[in-house]
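There are structures below to look over.
Common to both upcoming complexes is chain A, partnered first by chain B, then by chain C.
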Partner chain A sequence: MGLFDKLAGWLGLKKKEVNVLCLGLDNSGKTTIINQLKPSNAQAQDIVPTIGFSIEKFKTSSLSFTVFDMSGQGRYRNLWEHYYKEGQAIIFVIDSGDKLRMVVAKEELDTLLNHPDIKHRRIPILFFANKMDLRDALSSVKVSQLLCLENIKDKPWHICASDAVKGEGLQEGVDWLQEQIALSNQNDENMRPS
Partner chain B sequence: MDLNLNHVDYLQVGVTSQKTMKLLPAIGRKATQKVAVADHDGVVTCFGMKKGEAVPVFKSLPGQKISRLELGGALGTPQEKIFVCSGSEVRGFTKKGKQFLSFEANLTESINAMHVSGADLFVCASYIYNHYCDCKDQDYYLSGDKINDIVCLPVETVGRTVPILACQDRVLRVLQGSELLYDVEVPGPPSVLELHNKDGGKDGEEVLYGTADGKLGLIKIERSAPVTRWEIDNKKKKGGVLCMDTFDILGDGVKDILVGRDDGTVEVYGLDSSGEHTLRFEHVLSESVTSIQGGCVGKETFDEIITTTYTGWVSGLTTEPQQMEAGPGEEVKMSRETQTKVAALRAELEQLQVKVLQGREKYQQSSQSSTAVSAVPVFSINDKFTLCQDDASYSLTLEVQTAIDNLLLQSDVPIDLLDVDKNSAVVSFSECDSEPNGNFLLATYRCQANTTRLELKVRSIEGQYGTLQAYITPRLQPKTCQVRQYQIKPLSLHQRTHTIDQDRPMNTLSLVGQFSFAEIHSWVVFCLPEVPEKTPAGENITFFFQNTFLGTQLEATYCKGEAHFKSDNISTISILKDVLTKEATKRKINLNISYEVNEDSVNHTLRMIHPKLEYQLLLAKKVQLIDALKELQVHEGNADFLIPEYRSILEESTHLLEEYKKQPAHLERLYGMITDLFIDKFKFKGQNVKTKVSLLLEILDNYDLNSLIDFFNEA
Partner chain C sequence: MSSVPMEMKENTVASSKWLDAHYDPVANLYTFTSCIALADLHGDGENKLVVGDLGTGACNMKLKVYRGTGLLSENTLLDLPTGLVSFLMDKHEPRTPAIAVASGPFIYIYKNLRPYFKFTLPPLEVNALEQDVWSQAKEDMIDPMTLKEMLEGIRDKADIPLSVRSLRFLMLEPQDMEEFVNLHKQQPIRRQTVITCIGTLKKNMADEDAISCLVIGAESRDIYILDPEAFTILCKMSLPSIPTMMDVTGQFDVEFRITVACRSGNIYILRRDSPQPKYCIELSSHPVGLVRMGKNVVVGCAQETLQCYTQKGKKLWTTYLPAPVTTMAMMDLPTRGFQAVLVGLANCEVHVYRDKNLVSTIKTPDVVTSICFGRYGREDGTLIMTTKGGGLIVKILKRTAVFEEKDSVPGPPLAQSIRLNVPKKTKLYVDQTMRERENAIAMHRAFQMDLSRMRLAAARAYVKALESSQTPMSASLSEPLKMNAVVQGLGPSFKLTLNIQNTAACRPVMNLAISFLYDEALYSMRTAFFKIPLLVPGLNYPIDTFVECLTDKGISDVIKVFVLREGKSAPLLTAHINMPVSEGLALN
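Moving on to the complex of A and B:
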């Protein structure tokens, strides 16, 4: 890192860039969540099922996120693993009204966690128990039980109930993610020989 | 789909009356609504929720106890003017808290029900109904019994003013101007009325009612006659209905019925397309629910049920999920809101503790003074002493605004206290000597922490009358106690009905003498429950009663100087005769008493008792066998060798024991009634048969209906 870049980083002029993977089954609301996090003038009006994947960017107070918004449809799910290496954080979206496919979500999550590119890296995972506005939606605690999140021991994780259409609950989740990334950066810098 | 609602507390105000909380209509689309609530201190509070905090919009100054709160406004505009009534005055506030109306209704009694519709104001005091238009007197009606609630069909859809009064004597009175159009009989004393779907349905004529004994119903008030749509029975013995509302909480497009009861139950009844209703949700609060509303207060787009309890807690049952975030770690994380709440409460508590300590020291010092008087803190008690139809017992419910420490019950008549499952209080019966001081019962209930409501069941004997006293001590400093008195009437197990069966063999008792209509009415009030204290209008009156224990009936007709009582039970007539003579002697009035005994009536009454007695005897017999049979079963390992009759007893043993426990002294009571009947029958003939009672008891021990009837005829 050059002196100027460092200076800019200190002064907060240049934001640090992070790559985030947004995963989840189809129709869980990944694109809607990302869309909702973008500034209001850049938001899309219509959201259609994602084909393959798309790359989106948005900024928070201290970080600039680059999100790989992956398609969750069955035939595209094998694309996910190609991007695992780049990911510095994962957002996993669950449709909390879809009790039937909760097991599918759990299966996909388990394969993700056991992937060699992910298994030994301490990357933060943020879960969104989305569509909490539905009357029959499961609570975030219930979702975390069904997905056996308590078994994740070596990675920091967090689950938030969210309503992506209204944007409720998203900020809390992204705040946590930011905090975790800042934390891991500190650790990285501490470990680097000066 | 099952409904999942989470309980959230919003704000606490003072003690509230029935129907004193409303939601103001939302401004704009889908925004949260404001809550207007009024309490016994006379304060009207209007608040909205912002990020979990109650933000007051306005708060009026304290005054007289507010008994109702209604919303109104010009017809066709949002109904957002707040009307409250206290004493005999009606006040109106705008949604901003500006008082624009203060109207003195000039009634002698205080208003306890009110309805507002445009410029029309309908108010009801205990027996009086008054209609004002632009504060000018329009119509007036004097009801025969206490008015509990009033509602008017919507003028916009019906096109005429149709006020409906809910009266204590189990009727809804439909008025036209100052005249009674017709009355509608309902299965219990109606306590609350509400328009169905808030607008009375398609024709605007549908009215929901809830009764004090927990029943619900829907009635269509048509121009000439009522049509009953449906009724919901109260089989589970839930409390009386205090408030109702219609709101689509299930989100299926049809408005559901929200019900709040005096035992704290909140229910949601869903209506499907064919008009059938099913219970969809039930939640129990620990205090009686005085107001219920459907709407959206806590967070926009999440519908909820807003309730107010007697002690003034405004809380919501919301569809919003409560725990929004979680992470790894064993302990349950508190949300930020909860944490700030805990911290705020802790700080407040510390401050208060210091203040109270200082105050207490000051009080201790000043209490040494010889001239000073220590004032007693006043607390309000919400009590109800009602007759339950199904088990012929009285239920006494007491509710205090703070936790009850203990309750002392004293009675000067023999009564049984029955167990109530809901009660967590510890009972201890003190021994009392009934001879010198007329004490038949002394019982103490020590309550568990935070019990504000206590329910007791009392069973009395007909003919034995007196008072039951309750001494209530709440957990307050300094400790004080309030006494409440309840009359146990001579014919305490009689309940008012609308009609009786005229074909039964009747005994008659006639009184002729120099008494006024008011006097004879006051004697009837003294003898029988559920009779209005006010002397009815007109020359003469007829009341019908039914004995809840035996099913026998009584007809009372009286006017000035003359009274006739008809019953198929000789004991009822005998009790009436004794009590009325005593009352007349007290007032030095000469009474001419004549009676006519129908010989068939005794056999008729015995036949009515027969199934109950037989059931009790059989039950007692079966229960006696249970222990022995159980021992056999344990020894042999199974019960296959037993005869089928015993096997069925073993199978039903838990149920039988439960039944037996539920009806203590039931058999003795029936024996007592038969003995009374026996003595009374011969008393009217002028014979004293007290010596033959032992013989009668012997016959009862080997009970057979025919031999009993024979004995009654022969002796």
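Moving on to the complex of A and C:
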């Protein structure tokens, strides 16, 4: 990092860039969540199923996020692993109204966690138990039980219930993610030989 | 120690090809593969499960729709459903399919889960003679007894069978006939048939969202093809037997093939432009399931076999199954180019066969009665099964699952590695053979001498027994008899049962009597001598008597039984019964 960049960072002129992977099954609300996080003048009106993947950007108070919004359809899920190396954080979105496919979400999460590019990295994972406005939606506690999230020991994770259409619960999740990235950056700085 | 099995268990779970999405053992779904379908009923890209629930078979027939893990709606059905299909009947947008439920002679069409249309099969031709007879009865020209006689005459001779009304009339008791005739004579006679199976056939395009015709198999041995919009009969074909299962492929306007399994155990193949079947496959046992795989037909037979035929009726292969087949379904994954046959077995397993190779086995908690594979919800490879106990099982094929080409049970048969149980030989045996080698001649002589002595002794004893008729089997040619005696009870009173049987081919035995000989100080019997009835050949005659033990010293003795012929003093048979010690006094 050049001196100028550092200086800009301290002054808050240039925000630190973070790459985030947004994963989850199809129809879980990944694109809607990303869309809600964007500034209101940049938000899209119509959300259609993502083909392949798309790259979106949004900013928070201290970070600038670049999100790989992956398609969750079965035939595109094998694309996910090509972007694992770039990801510094993962947002995993779950449709809490789809009880039937909770096992599929768990299966995909397990393959993700056991992937060599992810397994030994301490990257934060944020889970959104989305669509909590549905009448038959599962609570975030129940979702974390069904996905066996308590077995994730070596990575910081957080689950929050969200309603992506109204934008409820998203800010809480992003704040947590920001905090975790700040923490890991501090650690990196400390580890670096002076 | 304990961590090893745990690890192994995890491995087997990881290598499994299926994810357990949902299991509801008390879903109360009683149905068969023909009454289950997956359809995008609301056009929202999410497939629903439509089930024609048979209920108890007499009541509670329902049309149930499942969405995800929950029941979405329930419609009461009027009659027992025999088949259920979903099909597109019009070109309106959005493309929401209709559900056709066949029951009795009717097809009930539901659109948006609301009753929409009811189609009735055309009535069959009525016998003209029968019609005449009933019109006479209507004008009171003949009485019920004459009507009955005339109908019976028609039933025996005519080639068009009688209507249900006449058949029911013939079943009645004479006193109920008058009332029945008065009640029914005003209505015209009709002969209805019943739908046995139903399928769909694309009309003129092979697309997934093209409109389809209904194909119906009826009890009258006819196959009807219906127009999807007007519900008129486009085509009628006849079969030599009653259809039970059907598979339809092709397009109505171009070329199609209907493969029909019949109640006679034959499979017929119908084609466009042929009102009669062109090819026939004769099976060795009745077909239980029928699945078409490309150009071949895979049939599950009642004799625990899976057989594959070409569409011209040539047999390709046979696989032997471990248990009887309960149901069969097609497993088709077009995105991966994978096709296989799912076979539900009575030993609570579902086998996946690709050609003749078993590629996967699924264990289920109960016997599976219906299987459906396809897109359910938003997941393409979903396997839905209902069990005998009314449970619902939903499994999802893993994205990463691969089915190996070869058989899952490789290598030589298991029996090859089992060692034969050959006994070991010790030093004793070797010494014995040495002795035999040295003294062979002496041993042979001594043995021959002993053998002839034994023959003599045996012959003597046999002659003695014959002379005194001590055997329980009679040797005489005129009265071949067999007897055995059974003692029951603890005492002091015993029940003595003699089982006597005449073993002749066709000659009864008469004038026999039974006499007992016993120590009168020890036992008493009410009658020690009685006659026995005529013995019909082949039957076993149990004859009971009661014996009272008189002594209280715990002594037992032998009772002799003689079967005698009247006028002769030498007994035919003798039995010696060793009486048990009376335990009754000890108890007192």
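Couple of notes before you dig in:
One rule holds for everything that comes next: the second predicted complex is superposed on the first by the 194 of 194 C-alpha atoms of A that agree within 3 Å, B and C clash if a C-alpha of one lies under 4 Å from a C-alpha of the other, contacts with A are read in each partner's own complex, and residues count from 1 in each chain.
Just so we're on the same page, a contact is a pair of C-beta atoms (placed from the backbone, for glycine too) under 8 Å apart; a residue touches a chain by one contact, two chains touch by 3 or more.
From a predicted model like this one, the values you see are computed outputs, not experimental measurements.
Partners chain B and chain C, once the complexes are superposed on chain A, both fit on it without clashing. By the touch criterion defined above, A:86 reaches neither chain B nor chain C. Of the two partner chains placed by superposition, only chain C is touched by A:111; chain B is not.
Shared-chain residue A:27: touches chain C; no touch with chain B. In the superposed model, A:100 makes contact with chain C only, not with chain B.
Of the two partner chains, neither chain B nor chain C is touched by A:17. Angle at chain A between chain B and chain C, computed from CA centres in the superposed arrangement: 70 degrees, to the nearest 10.
Look at A:77: by the touch rule set out above, it reaches chain C but stays clear of chain B. By the touch criterion defined above, A:152 lies against chain B but remains apart from chain C after alignment on the C-alpha atoms of chain A. Look at A:137: by the touch rule set out above, it reaches chain B but stays clear of chain C. Closest CA pair between chain B and chain C after superposition: 8 Å apart. Chain A uses residues 136 to touch chain B in one structure and chain C in the other. Chain A makes touch with chain B in their complex at residues 132-133, 135-137, 139-141, 144, 149-150, 152-153, 156-161, 166, 169, 172.
Those residues of chain A lying in contact with chain C across their complex are 25-27, 74-75, 77-78, 97-104, 107-108, 111, 136. Those residues of chain C lying in contact with chain A across their complex are 19-22, 68-70, 335, 376-380, 394, 396, 398-400. Across the complex, chain A is touched by residues 1, 3-4, 250-251, 301-302, 319, 321-328 of chain B.
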